[in-house]
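Residue numbering begins at 1 within each chain, and the chains themselves are lettered A, B and C in the order written.
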Amino acid sequence: MKDFIRQLAGITGQEFVSAEPEERYIYSMDQGTMPPALPDAVVMPGSTQEVQQIMRLANRHKVPVVPMGGGLVLSGLTRALNGGIILDMKRMNRIIKVNPVSRHAVVEGGASEGMLQAYLKKHHPELKHSMPDAPPIATLAGNICIHGSGHLSVPGGFHSDMLTGMEVVLPTGDIVRTGSCSVSQDWFARAPLPDLSGLFLGWSGTTGIITKLGIKLFPSYAHNDLLVFVCEDADLMPDVISRLTGTQVAEDMTPWMTPKPEWARGFLHINISYGAHTKKELTFKRNLLQASVKKYSDRKIAGFLPMPPPQKSRFLKVPSADLVTFADIRKGGGFEYVGAIMSIEHFAEAYRAGLNIAKTHNVSYSMGARIIGAGHAMMFFYAYAFNRADQEDVKRAQHALEATNTAALEIGGIPWKAELPAQKQIIDKMDPGTFNLMNRIRSLMDPNHIMNPGNWEK
Amino acid sequence: MLHEQILHRCFRCGYCKMPSNYTDLNCPPYLAFRFETYSPGGRMWLLKAWLEGKIQPGRRFAEIMFSCTACGNCTEHCPFPDFKNLLLEAFTAGREAFLDGGTAPAGVKDYLTRMQLHGNPYGLPAKKRADWAAGSDTESYSGQEYLFFAGDAGSYDTRGQEMARSAAGLLAKAGISFGVLKMGENSDGNDVRASGETALFEELAGKNTELFNRNNVKKIITLSPHSLNTFKKDYPGLGGNYQVFHYTQVLALNMGRLKFKENQEPVLVTCHDSCYLGRHNRDYFSPRMILSTVPGIKIAEMDRNRQNSLCCGGGGGNLYTDILPSGEESPARHRIREAKKTGAKIIAVSCPLCAIMLEDAVKSEGVADILRVMEISEIINDRLV
Amino acid sequence: MPEIKFDRKLCSGCETVDCLMKCQYIKFTSIDDAKAEKLKINAGETSRVLNECLTCYACQEYCPYGNNPFYLLVEMQEKKGILPAPKPIVEEQLRMMRPKGRITARKVSSPVVNMCAFPMLSGNVRGKLFEGASVISGNDLFCNIMWLHFAKNSTIRERVPQMIENIMSFYLKDSGIEEMICFHDECYGTYTSVAEAFGIQVPFKPVHLFDYINRRLDQLSDRIKPVNEKIAYQRPCSNRLSPATDKVLDEIFTKIGAERVPRQYDRENALCCGGVPRAQQRDELADELVEKNISDMVSTGARYCVFNCPFCMATLGQEAAENGLMPVLVSDLVLIALGE
């Protein structure tokens, strides 16, 4: 190992390699409940060529490699389960180019959500990208790889749907391109070629390291507003969501159900963000949204909260820090959640399962969802806060998460960015042919089994 | 350890690494080193691990702790209101533990030793402290409205001394009544306190307080925002109660007394907010107010300005201890590259430490022919009749 | 529970039916049409007025007999289960504004200013204008008048006596103080008009902010520097419950050199700011009300747009500012005149 680490330093420079106890400790775990797994070293490459050299070296020595973006996945996917090295990609953070006419941007594999937002605001204020509610240091590549979603997921789908192509370093050190950039200078689409991008989306970093990617951009609006819908009956939610998405004017739609603040307990809210180029257009969109659920507001069983303009600005902030501050509600800095991707008709069932689990396991919870596409699916999340300094509290959260993964699968949903135990549950339910193909692809691409091993195994 | 009860509450969300507009990274040691360990969140978790016996206070940990420049970006941007204001104190407490355990980096120990023996970080004789004022019209303090305090860099560093003379001269032109104490002052101790060496800080502050009180000082004008900060926040608890101003705060209200040359060449200036005048003491206004009243000056802001200003890397004793690397990734060089993008010809600073750090960076970046670091009073003096 | 104070013979004999004929939002074909609807309300029968009412409080002012037409209307809405706003919204508000039991006794000194459920606005009580004032606030002192907008007279009956008890036992009694200044029209309306109509005893003397300011301006007359500006005033709905204070406001404006420029939607013709209609899911009407108010204000050429209600200010303030009017409170304007 010592020799290997010395050779790593030869690739990136000594200042970007560390086998010190401090780095090994911090990089052994994330903020969730999964137990630590010590890497042998942490490496920070500065270019695709360095990544390639590192992968070739790792293959020669058969050292496991774990790619890491922001490290904010919470489900422990950037732990070195079998030792080896963690590749912290965040030095590779450039915004490479923006195509304003065909609305896409090309960025490096470690580029952060925040910096792309800032770059567009300054250089292309007419454009924006879909941001997840993760903290701004989260990487675009990391979020896309786990099929994340965000503030433009209603028009745009999952963030993986917004991918237009990639440059990837394979586990063997080969560099490949996927999408139009493999044939053309432009990174405009994955069509019409065989879609090799799929080999890297949702694989938890077991098939390669993204060094560049193209992402779709959307028009940004001068005028932005928010509606907050509230009702008491979870069974109404699928129809409400269907009607609201049927207008096709919302940019983001996020139901939320939380027991705190006290006044919100038991009510189901939906935050609906939308924007327009003019005030008239904005009012028109608002009217469309309100009219779509008139059947409920006319009966006075549901409606939109009156919110004076000063109150709205907090909800219109992108990303919202609210999800993060939830981590301190037990004064313990711990927070993890199950995000189950599922069909919308399971809303009430999913909600009641969550209430039940929170009660049974005595955990502080928050539930919500993000509607994906024109009502095509939802990411229904169950978030549990815990006090990291209280082992009992951590255990309670862990058990709640396990129960939630089980419940989500039973309902027909699939937990995203699944932590290790949940991966095994998914595999158990998975079509054997599917799992078989996954294994064959991994063997083909990673013959020495060095890419984030330990994940997606029976 | 003070504030150890908040250490585990850090979520390592990373908001502390960035400014509020996310344009780039904004934590100086994280920017320079890029390992998670060097971010504020890394420090929090490492301190917690130390208390739990999971990690020992080795050389690397020491470097991590003392590379923090106490710039306050983390406090400004942490999303947790319950403990964001305690972050820097927690880091200071961590550093104190390193000093107590004898495991602080050598550069830090040397810095503190010089402070202890000579009352300044240069290791120069105390009696030479007021030499900067020799040959100028600056009066000795004998009960004028203000005491002018030049601070360590202003007293001993060649460039710093130029700035002290420039600022003092400008205040005099603006009709401000002040004097300097020619004997007996020592370092204000701000960066000693930030380093965690509390006992030494109290000793330095005690000596200054005794001297100021003996001379019946009521109001102080400082050259350095570091001095401003500690005189305002820490000295009252140690018997030193004065009305304290940074010289730009007094000057901003007296610009009408200055006469400027006619037909000035227009020049684009960008403002670098110093951490201790800006984030720590919330004054982003005085330097800009001054510059905006000077004929011919137009201000072009950097992306990271005001509460988002990128620290030059000189705080927390780093100007003297050099824990932060001086290569391409040094905060000062990042800052110069950012200033260059504005197209400004001058980067205006209001702190001698910022001036020293950024001037070095200008040279390293090879842009001395297109960008000049100037202290605010130097910019004004240049344009006066 | 006592009924709303009301004499049905006054309504039967009324020839003008001002309460409904002057309504700015519901149209009637004739006085007879209006009378018919009013008698239905009085008898507890179904009337379209119960569904269409904007809850703007104006009919309380319009009625020449003080026969509490609005309070009675709300009573009937509640009796018949008619909800102006959707049930979940009302439920959430009821919870949000409920007393929290977070109140501790403290000595207070005159003038005691009640900031109701808005402790965050306590910064408005400052300067020589409010010298020596003690500010009391919090959910446990919430005046509860807002339930008139949500057909919840029962909540008013349930919570207001408790609020009065809190004010007395935690603050006024031990401090030996009898007067309490109501910073907002709502609170003043609760402890005068509403209390009287609902038969609720009020052991302290509520003082309207305008009366206090008017008195104080005489004491500080040598400090006044006239603002010499045109102002457009947005009269809040709850001021309709104490119309005499509108004259006091005129005196204040005169003393500070502010010209209350005549506008179409002021005084008896004041228009709802548009805040509450949104809760009623009537957003397009709310847009219209905002548009009418703003263009009316802009047409006066006024510099300031003056409010006396935090909800009106939150609803209209941004729009006013975008149209070149500076939104301020009455107390802010007075403070400006006093150089504070």
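Everything that follows uses one rule, which is that contacts are C-beta pairs under 8 Å (C-beta built on N, C-alpha and C of every residue); 3 or more make two chains touch, one makes a residue touch a chain.
Being a predicted model, the structure only gives us computed values, none of them experimental.
K.L.:
Mapping chain-to-chain touches, which pattern fits: line, ring, star, complete or other?
P.N.:
Graph shape, chains as nodes and touching pairs as edges: a line.
K.L.:
Among all chains, whose Cα centre is located farthest from the one for chain C?
P.N.:
B
K.L.:
Please find which chain has its CA centre nearest to the centre of all protein CA atoms in view.
P.N.:
Of all chains shown, the one whose C-alpha centre lies nearest the global C-alpha mean is A.
K.L.:
Can you check how far apart chain B and chain C are, centre to centre, with Cα atoms defining each centre and the answer in Å?
P.N.:
That gives a centre separation of 52 Å.
K.L.:
With chain centres taken as the means of their Cα atoms, state the distance from chain A to chain B in Å.
P.N.:
39
K.L.:
Quick check: how many Å separate the C-alpha centres of chain A and chain C?
P.N.:
Chain centroid spacing, chain A to chain C, equals 48 Å.
K.L.:
Please list all residues of chain C that touch 2 or more other chains.
P.N.:
If we look for residues of chain C contacting two or more partner chains, we find none.
K.L.:
Within their complex, state which residues of chain A touch chain B.
P.N.:
These residues of chain A touch chain B: 15-16, 18, 20-23, 25-27, 30-31, 42, 44, 70-72, 88, 90-91, 112-115, 117-119, 121-122, 135-137, 321, 324-325, 327-328, 331-335, 387-389.
K.L.:
Please output the residues of chain A touching chain C within their complex, sorted ascending.
P.N.:
That would be residues 230-232, 261-264, 267, 283, 286-287, 290, 297, 300-311 of chain A.
K.L.:
If you look only at chain B, which of its residues touch chain A in the complex?
P.N.:
Residues of chain B touching chain A: 8-15, 17-18, 21-24, 33-37, 42, 45-46, 49, 54-56, 58, 60-61, 64, 79-80, 82, 303, 325.
K.L.:
What residues of chain C sit close enough to touch chain A in their complex?
P.N.:
That would be residues 83, 85-89, 91-93, 95-96, 275-276, 278-279, 281, 283-284, 287, 311, 314-315, 317-319 of chain C.
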